[in-house]
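Two complexes, one shared chain (subunit A), two partners (subunit B, subunit C).
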Partner chain A sequence: MATAVEAPKARKSPRSAQKTSLWGWLLALPTAWMVAFFVSSMAIIVLLSFGRTTNDGYPVFATSTANYRAIWNQVYLELFLRSLLYALATVVISALIAYPVAYVIALHGGRYKNALIAAIVVPFFASYLIRMYAWKALLSDDGLVNSALRGMGLTDGVTFLNTRWAVVGGLVYGFVVFMILPVYASLERLDVSLIEAGKDLYHSPVRTFFSVTLPATRAGLYGGVLLVFLPALGDFVSAQLLGGASTYMMGNLVQQQFAEGQNWPLGSALTVGMMAALTVLMVIYLRATATRTREL
Partner chain B sequence: MTRRRSGLILPRPSRRGFLAGGLALGASMTLPGCAYIRDDAAVDAPLPESAKAEIDGDLIYFNWADYLAPRVLKGFQEEYGVKIVESNYDSMEGMYAKLAAGNQYDIVFPGAKWVVKLRREGKLRAIDKAELQNADQVFYSGSYFNDPWYDEGSQVSVPFTVYKTGVGWRTDKVSTMTNSWEDLWNDEARGHIFTLDDQDEALAMAALILGYDVNTAKPSELEEIKKLLISQKEYLRAYSSDDINNMMGGDAWIHHMWSGDFLYLRQGLADDPTQFDFQSPSEGVPINSDAYVIPTNAKHPGTAMLFIDYLLRPENAIKNMKYLYYPFPVKDALPAFAELAADVPACNVEVSDLENENVFRLLGADETQRRAAVWTEVKAS
Partner chain C sequence: MARGKLERKPLIPVVVTVIFFAWLYLPILAVALFSFNDKKSLSSFSGFSLRWYDALIHDSALIDSLAASLRIATIATLGSLVLGTMLALGLERVRSRRGRVIGAVTLLPLVTPEIVTGVAALLLFTGIGLKLSTTTVILAEITFSIAYVTVIVRGRLAGIALEVEEAARDLGCTPFQAVRLVILPTLLPALIGAGLLVFALVFDDFVLAFFTTGVDPQPLPVRVYSSIRFGVSPAINAIGTLMLLASGLLIVAALVIPRVLARGSSSLDLITGGDVR
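After this line comes the complex of A and B, so read on.
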């Protein structure tokens, strides 16, 4: 999809033709980049999903459907459902965090708007992995948070780490910024007089939010949902570092096939299978949201 | 090198266990085209001949991150006037993928079974012991390493470290240890037990309880191993190879862990070392080793030979041991390690231990995949 980048058709005037050819050239580079590094690696994965492994451990191309028959089993389907659930929870929690944050910055941030957005974005420049290790140090049984809770005499200590909540928490922390930014962008463009109109008509703030603000910023929300859902579903770091004995996700499964499992073809088939399932889900989602956006 | 325990400290994670999954981030970017996907792997190729031990350029060094004492590396650079250019891997699979893709390194530090694989494919250069002044530190008469299981006649490798896998625990939390692998099912520590997130180690632990070979790939035995490991899940906090942090953070009371990680935790990090103890279970333990090798396509094999010789000097082996807390089988350095592990002798690896059968061998892909399927099912259930 992302690669269907073509130069727009030339128009009549020579000047615009010149412009178009410039644009064509400018687009050539990213297109070549995407073809070389995205499409071709995708193609290798699709081809390899029909492959097999030699006894020396080399993945080779073949025409076997054994890998696809292998992924159709209960254990993997349950894992897929679990990952789906974690990813959906991540989306919902991210939206609940993103709206108030983006709302306050966009409507009340004043001249600090950019600084506040920077403050949200900057921590994401640090490696995701390192930030996950930091959470481990903070949330361990004898970590800073538990020490503080004990110090205040609130609890004997809470088990944060190695639970499904820790995994979802890690995913939210990792990807919430992808929800905040699009929601912020659409709130920025929101005509404040609409909200004032709501108030003037004696709507409560809650009702104003649901009948005015939310519908007007739907596009940002819809974008954010996708941007958070997709990486959360494929993630393996959060489950590996913060997860427990029963929080294994699809991402971990795929990663294991490429590492210790020495089964690249099976890992490829799992990847293709997951992408197919996601494509179906996304088409349904995009159709539903497109209709709603049009209704506006 | 004092590392004090405080609220927010990030001790270096286990080098072996540092997110094995990082492979997906690292290796995937370095697999150019289809170099790895081929069907013509050379088998038992003749050995490329040894280089002379003389400087022929800077050293391109490829190891786990932070896996030799920095002052030893610095010492080599100063003494020989060359630079060490360092790259790291975070899993053996990642290391192999980069070598197979044709990347050139002068010295690499593979685990024993990877030496078998690399040697069989002609990817390693012979190492002529006559070129090494300190060769007798590891290849003395009667040494196990004159003919180790992974390198017939020790032609392409020089031993680096040896390590064992056992069980570490908190003496202030658990009082009912029995020197058995079954302690990983201990009721007292329910919810605070960790098993290493490592296919070979986890399956080996269960195999040893059942009395099977640690490398077993027999379907009937694997089925029993699977049931045993699934029965452990209700006791487990998680599968994790970050053993040092899990113990330091108080999440783990009993941890399936590597001997060197334990010793570093106890001697190098803990406020109160007596809170931690380690056992080498009576059913037997996996004992494995890493080696120095020089790839066939190394650009500076001469410098690499000198570097290996430098690392074999007992004083350098001792510096490295005191940094890594893993024993080096260098003859005149062994007493220093015994001293380091004096309080926890179970962490020591005797040369006689190496004769045991519990090494991780190179298996065929079908066997590895059968084992992987079991491990996947255990973790996914």
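After this line comes the complex of A and C, so read on.
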């Protein structure tokens, strides 16, 4: 891995300047770090997923498939399916929000473009936790929304929290920026005259969108789908703060095994199962989008 | 770049955009507003008061958490800046198969759900017998942040022509001097931007910290999380307002400072006739 630092040779051709051992040496330390703290941690979680707990609750390595047989049951599969649906709903809603917002800013933002994008980015990168809390405070039974509804004499209060809408809403609020940014980037590169031509050709903004704008910004949309789907599927904060046991996702299950249930081998198997499913989905998705993009 | 201008503003997208911005900011502004309420209510504002902020200052456990989070964010930022920059420099110039494999592995934390990274780090630290503490949080945060630094620095590095570095070598620089005297100064805006971003992300990070922290002192987001689980209260609004404000300012700085600096550092443009990028 690490090649020793050699004394710089007197004179080299300019091209080989890039091949000095300095560069290889620079790679060595960060690579060693990533192997020590990331690659090895992934290896441990795979190993422990075949492990078991001792009678007094300690996790030990073993060669049993019991954990995988344990997670292959209806309860866990339903929970996995629910996480998948929530994450997909989050992706779809995010795209529905991202296109109009990115379109307005990219094509009509004028000299305020950068300021508007910054106004979206800044709150999104500031504390995810506090933003989830903000929704909890707003939607709680004696929160602002309910007291406003009561004040208008509309209802005696609506239960927003502990519903799937609250959880998906929280996920969208958490991750929609990852859809807006790539879609915005590809809209920015789009030649407006294409859209104008589309309008002349189709006489309908909707048809223009589907035949011109959407195909031309495919790459941004494909990127955004991944960037929203991945964190949404693994999230446990939204379901824990805005939802309840009936809206729990994969992340909550994993979190329970490690922080509360203390069955680490089972938690490891759940994590590996989640990553395996995710990898399969990613490969299918990447192959499908790669061929679509090539057709362009 | 979009050329020309579209004549009419489309009505529906504009309406959606306005609603979006309201939806984005209202919950946050509500948190800030009720942190100044003089009663415990989070729905009716009865008068202005700083009592919840006053309570924060006198909460010594919370102050300990704040100090721990500042320490974690500072060390993790410095560590990931060093490692991430080394990685970016190495990957940019080592164009071998080995370099591509390393490049792919270091990007993995970006596409791995954070809960997986957190749980795996917990298993690793426990497995090698490291006691969970702020140190283990720092190690995990560095590992997670290296990829951010590498991506940002490589973006800037791609704009520096190889010839500039070769010119430095021809003028008698050793490879190390070429990096120190020519490349690092050009990278400075990117490094400052990356540093501010990573500091804000680590300071606010909950998931990794949750799985890798010891009992005392807990990082600030972990402590705030356990009080949120009990319910909502104006005291949480107060600390939440401060956290949003602090990381908001950091992100603004991360966006603005590199642009200002990059505009100023035109010495390189002079050498190459402004054709560097």
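Here is the rule we go by: the second predicted complex is superposed on the first by the 252 of 296 C-alpha atoms of A that agree within 3 Å, B and C clash if a C-alpha of one lies under 4 Å from a C-alpha of the other, contacts with A are read in each partner's own complex, and residues count from 1 in each chain.
Simple rule for what comes next: a contact is a pair of C-beta atoms (placed from the backbone, for glycine too) under 8 Å apart; a residue touches a chain by one contact, two chains touch by 3 or more.
Not measured: the values here are computed from a predicted model.
K.L.:
Report clash or fit for the pair subunit B and subunit C bound to subunit A in the combined superposed model.
P.N.:
Partners clash after overlay.
K.L.:
In the superposed arrangement, does A:29 touch subunit B (first), subunit C (second), both or neither?
P.N.:
second
K.L.:
Looking at A:248 after the superposition, I want to know if it touches subunit B, subunit C, both of them or none. Which is it: first, second, both, neither?
P.N.:
Touch partner of A:248: subunit B, not subunit C.
K.L.:
Could you look at A:136 and tell me whether it touches subunit B, subunit C, both or neither (first, second, both, neither)?
P.N.:
A:136: touches subunit B and subunit C.
K.L.:
Give one of first, second, both or neither to describe whether A:57 is in contact with subunit B, with subunit C, with both, or with none.
P.N.:
It touches subunit B, and subunit C stays clear.
K.L.:
Who does A:233 touch here: subunit B (first), subunit C (second), both, or neither?
P.N.:
second
K.L.:
Have a look at where A:121 lands relative to subunit B and subunit C in the superposition and call it first, second, both or neither.
P.N.:
second
K.L.:
Please determine whether it is subunit B or subunit C that touches the greater number of subunit A residues.
P.N.:
C
K.L.:
Scan A:75 for contacts with subunit B and subunit C and give back first, second, both or neither.
P.N.:
In the superposed model, A:75 contacts subunit B only, not subunit C.
K.L.:
Output check: A:93 vs subunit B and subunit C. Expected answer is one of first, second, both, neither. What do you get?
P.N.:
Neither partner.
K.L.:
Mind working out whether A:103 is in touch with subunit B, subunit C, both or neither, as first, second, both or neither?
P.N.:
Only subunit C is touched by A:103; subunit B is not.
K.L.:
Taking the stated contact definition, name every residue in subunit A that is touched by subunit B in one complex and by subunit C in the other, in rising order.
P.N.:
Residues common to the subunit A contacts of subunit C and of subunit B are 44, 48, 129, 133-134, 136-138, 140, 142-144, 147, 236-237, 240-241, 255, 258-259, listed in rising order.
K.L.:
Applying the document's contact rule, which stretches of subunit C touch subunit A when the two form their complex?
P.N.:
Per the stated touch rule, the residues are 1-6, 9-10, 12-14, 16-17, 20-21, 23-28, 30-31, 34, 41-44, 83-84, 86-87, 89-91, 93-95, 99, 102, 105-106, 108-109, 111-117, 119-124, 127, 139-140, 142-143, 146, 162, 165-166, 169-170, 174-176, 179, 197, 200-201, 204, 206-207, 210-211, 221, 224-225, 228-229, 232, 236-237, 240, 243-244, 247-248, 251-252, 255.
K.L.:
Would you pull the subunit B residues touching subunit A in the complex into a rising list?
P.N.:
Spelled out, the residues of subunit B in touch with subunit A are 7-10, 13, 19-24, 28, 34, 36-39, 41, 43, 91, 93-94, 117, 121, 191, 197-200, 233, 236-240, 242, 245-246, 248-251, 364-366, 368-369, 372-373, 375-377, 379-381.
K.L.:
Which positions of subunit A touch subunit B when the two form their complex?
P.N.:
44, 48, 51, 53-61, 75-76, 78-79, 129, 133-134, 136-138, 140-144, 147, 159, 161-162, 236-237, 240-241, 243-246, 248, 252-253, 255-263, 266
K.L.:
Hey, which residues of subunit A end up touching subunit C in the complex?
P.N.:
Residue list for subunit A touching subunit C: 8, 14, 17-20, 22-24, 26-27, 29-31, 33-34, 37-42, 44-45, 48, 97, 99-101, 103-108, 118-123, 125-138, 140, 142-144, 146-147, 173, 187-193, 195-196, 205, 226, 230-231, 233-237, 240-241, 251, 254-255, 258-259, 264, 267-268, 271, 274-275, 278.
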